[in-house]
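What follows is a pair of complexes built around chain A, which joins chain B in one and chain C in the other.
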Partner chain A sequence: MRVTVKLFATFRDGRFKVEEKNLSEDSQVLDVLQLLNILPEEVAICLVNGRDVKEQHVLNDGDTIALFPPVGGG
Partner chain B sequence: MGGYTGKILRINLAEGKTSTEPLNMELAKKYLGGRGLAGKMFADEVASDVDALSPGNKLFIAAGVLTGTNAPTPSRYMVVTKSPLNGVIASSNSGGYWGAELKFAGYDMLVLEGKSDHPVYISIKDGEVEIKDAGKVWGKDVYETTDALKQEFGDDKAKVLAIGPAGENLSLMAAIVNDLYRAAGRTGVGAVMGSKNLKGIVVRGTGKVENANPDQMKEVVANSLRKIRENGVTGQGLPTYGSAVLVNIINETGVYPVNNFQGSYDPEADLISGETLTEKYLLKKHPCYRCPIACGRYSKWDGKEGAGPEYETAWVFGSDCGIHDFDAIHEANDLCNKLGLDTISVGGTIAAGMELVQRGYIKPEELDGTTLEFGNAKGMVEWVRKIAYVEGLGAKMAMGSYNLAESYGAPELSMSVKKQELPAYDPRGIQGQALSYATSNRGGCHVRGYMISPEILGLPEKLDRNSLEGKATWTKIFQDLTAVIDAVGLCLFSSFALGLTDYTALVNAVTGFNYTDEELLACGERIWNVERLHNLKVGYSAVDDTLPKRLLNDPISSGPSKGQMHNLPELLVQYYAERGWDKAGVPTPERLNMLGI
Partner chain C sequence: MTIEGRYLRNKKTLTDEDQQKLAKSCVAIVGCGGLGGYIAEELARIGVGRLVLIDGDRLEVSNLNRQIMATELNIGQWKVEAARDRLRSVNSEVKVESIKEWFKEEKGPEMFREVDLVFDALDSPATRVELERVCHRLKLPLVFASIAGWFGQIGVSLPGDFSVLRLFGHGERGVESTWGNPAFTPAVLASLSVAEGVKLLAGRMPALRRAWLQVDLLTMEFERFEINNT
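What follows is the complex of A and B.
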């Protein structure tokens, strides 16, 4: 399946802003993190299609994943 | 006693008289200072039916008990008055350096009364206070005024607070700007200053603020500094990217208002994000007095330099106006600082104007050739200028989006609560924030109870933004705690890392008092209720605890949060009960008695 991965703030350093990724069926957010070399504890906000999820969340074809380190307020 | 200077400076501008009076310590213990103490004195001294722009209104400019101390983020002062925009108790907060300098000069608060018969400014050099002619700077912008007043004062270390042309022209969105780029922006406080013919206040102080328990203070400060450093938001996120780092978070969550709240997601938002600001525009950080967070930005754009936009500003002149031209956003932001305007209200009013044009209410012939259209950056910048100088349609717009839209028979196109423009969060997808918007004591506002913190950022813990559970309780606690932070003179951003116990420890170490956490939070609740009572007196009631029609009735139409809707009616019932108010949103005598009001 194909998902869109969006990275923000320091997660972009040495990586990318947006990329499409091919994943095997039943992949979890955790698999995406491993692929990107991001530790689960570095993630403050993980959104899948705008909804807050945990790293065990199982992904579906066409999902958009947005990952943020701890950032701020305004 | 530490923290307080113990003195209030009262200036009657009509009579040209100044006097010093002792701080009423009994009141200060109950209301702390800043927003709290000034709010209580305002409520006691100013009749509720006074016209906000008449000489009978008073302007309270108050530092907090921790302002100017070595507590983290001790820069804040608060302007309290009756709002000319909506009649509520206005309290508008600013950082920078001016507030701390006022304390160094020996004052906790200024009370400005009456109206001068000609333009004046006030000069304060420690105990020496003078009212001086401002004829030469009347009509000048904030930057020119700041320079000129400093020069006349003859000390480069002096701090200047001033209004720009917008305040002189009595725009209901006029701000009071200090240290060039920091503004008490909201609720039209700049117009009240303008109505008094008061152009600015220069202050220089050589004293210092005492700590009652210096040893205890050292420990408490070290502890809270460590928390701020170790917290991801205050230690890394805000220092690296500034508050505009929120653009992408709020947008990806699908609660990011677009085109005057007609949409809630912007596919191009990254063009005006904190990440882009840092990569392409940032020159350096621009912190307020003794701030370890340093979220303030100083940027370059289009051959110019100045303070960089905050989240709200990037959003409002950006996506809310359909614009992704970061140069234009910088320009509009700079014009607001320079001409003395509130960015959120001005951007929100321009966005409302764009929708009024889109729907055919405003006719092309009213625009005098300046485009007012979503996506048109050049026109947007020019409207900021026209608002400040009340030119053409700019004069109508200077009265705010509600008055503008109402004059065309379409008040529902103003995205405001109690006539004040809403900030950058669509409340339909964030239950607690919806409640916080509806019940804010100064009208549409995010910093009276920033529920975004738990509902989106997960601080101090993550709450499900779509659930109602616990939201009334959380909102009340956030509102009361914010009132405490505003009253002690610290920056609200410290609360991403610090909690009630930290604030109690800081206040106790500085003052030598022995507040418990509960007692300190009760000060916040007291402040909230005093403000509520004023607003009820001027005619507001439960029906005004609401949202603009579009947000009230229609679910989010597109983007990641499509279909989401607030449940304000249910939340309000829970909230009034939580506050100990009756079903009509009026504080009960029992609760007021309990709070000692």
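What follows is the complex of A and C.
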């Protein structure tokens, strides 16, 4: 299946802004993170099709995943 | 000092009625660093009547790159006192209360006793979540903003929303620990926060309730995301 992965803020550094990825059926958000060399604890929020999900969330063909690192400074 | 014509250029963005509402308002700014300093500056200039500044830190040399209240002459001074001194020369009609303490959940009710609106300008994700909890309990609207490098996030959390918990509920530190904070990012995010805060004080609808604006000053993209309470 194909999913669209969107990265934000510092996650784009050395990676990309938006890319399509081919994944095997029943892949989870966790598999996308592994593919991108991002640790689950580095993610502040993950949206799939605009909804807030956990890293165990199972993906479907055509999903859009948006990943944000924690931006916490003041 | 009352100066005739001080708020002339607030028109007609703000009506006379709006201006009176601001003058009668009391606003707390939690964290008086990069974001909090600019927020305080703008609220004083626009004519908010009372400001409660909360920060337990003193100014240091590394603050000079971005904190509007920091100058070479006041290094070592309490941040909230440096802010009060500057604001006095900007708008002496504004009453400024300086609290030289760190915000803690249990101190919230005392700190926010007469407050109408709270700005989250903190730098610790865990404390941000505590602050949202306190604001909900006290039925206070909250404008939150955060920064790291070229990036920032800003939104509004009204009682019953859990925007801050959603965004800052995971992890102890943000990427600012490696990317730092340059001069322009706090200024932009503080201004966006004040724009939302002024709407709340004037009784208008904020634009970023149950949402946040993801700000990227590297690509100059501002993107809005919804926060779903599910």
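In the analysis below, the second predicted complex is superposed on the first by the 71 of 74 C-alpha atoms of A that agree within 3 Å, B and C clash if a C-alpha of one lies under 4 Å from a C-alpha of the other, contacts with A are read in each partner's own complex, and residues count from 1 in each chain.
Here is the rule we go by: a contact is a pair of C-beta atoms (placed from the backbone, for glycine too) under 8 Å apart; a residue touches a chain by one contact, two chains touch by 3 or more.
Computed from a predicted model, the values in this text were never measured in an experiment.
Undergrad: Applying the document's definition of touch, where does A:N49 land relative to chain B and chain C: first, second, both, or neither?
TA: In the superposition, A:N49 touches chain B alone.
Undergrad: Applying the touch criterion given at the start, work out whether A:L35 contacts chain B, chain C, both or neither, answering first, second, both or neither.
TA: After superposition on chain A, A:L35 lies in contact with neither partner.
Undergrad: Just which bits of chain A does chain B share with chain C as contact spots?
TA: 8-10, 17, 44-45, 47, 50-52, 66, 68-74
Undergrad: Please give the residue numbers of chain B that touch chain A in the complex, ascending.
TA: Those in contact with chain A are residues 231-234, 236-238, 240-246, 248-249, 252-254, 270, 274-275, 295, 310-312, 424, 446, 450, 452-453, 456-458, 462, 464-465, 493, 496, 559-561.
Undergrad: In the complex of these two chains, what residues of chain A are touching chain C?
TA: 8-10, 17, 41-45, 47, 50-52, 66, 68-74
Undergrad: Contact residues on chain C for chain A in the complex?
TA: Of all residues in chain C, those touching chain A are 31, 33-36, 120-125, 128, 145-153, 166-168, 170-171, 173-176, 178-179, 181, 186, 214, 216, 219, 225-228, 230.
Undergrad: Would you mind writing out the residues of chain A in touch with chain B in their complex?
TA: 6, 8-10, 12, 17, 44-45, 47, 49-52, 64, 66, 68-74
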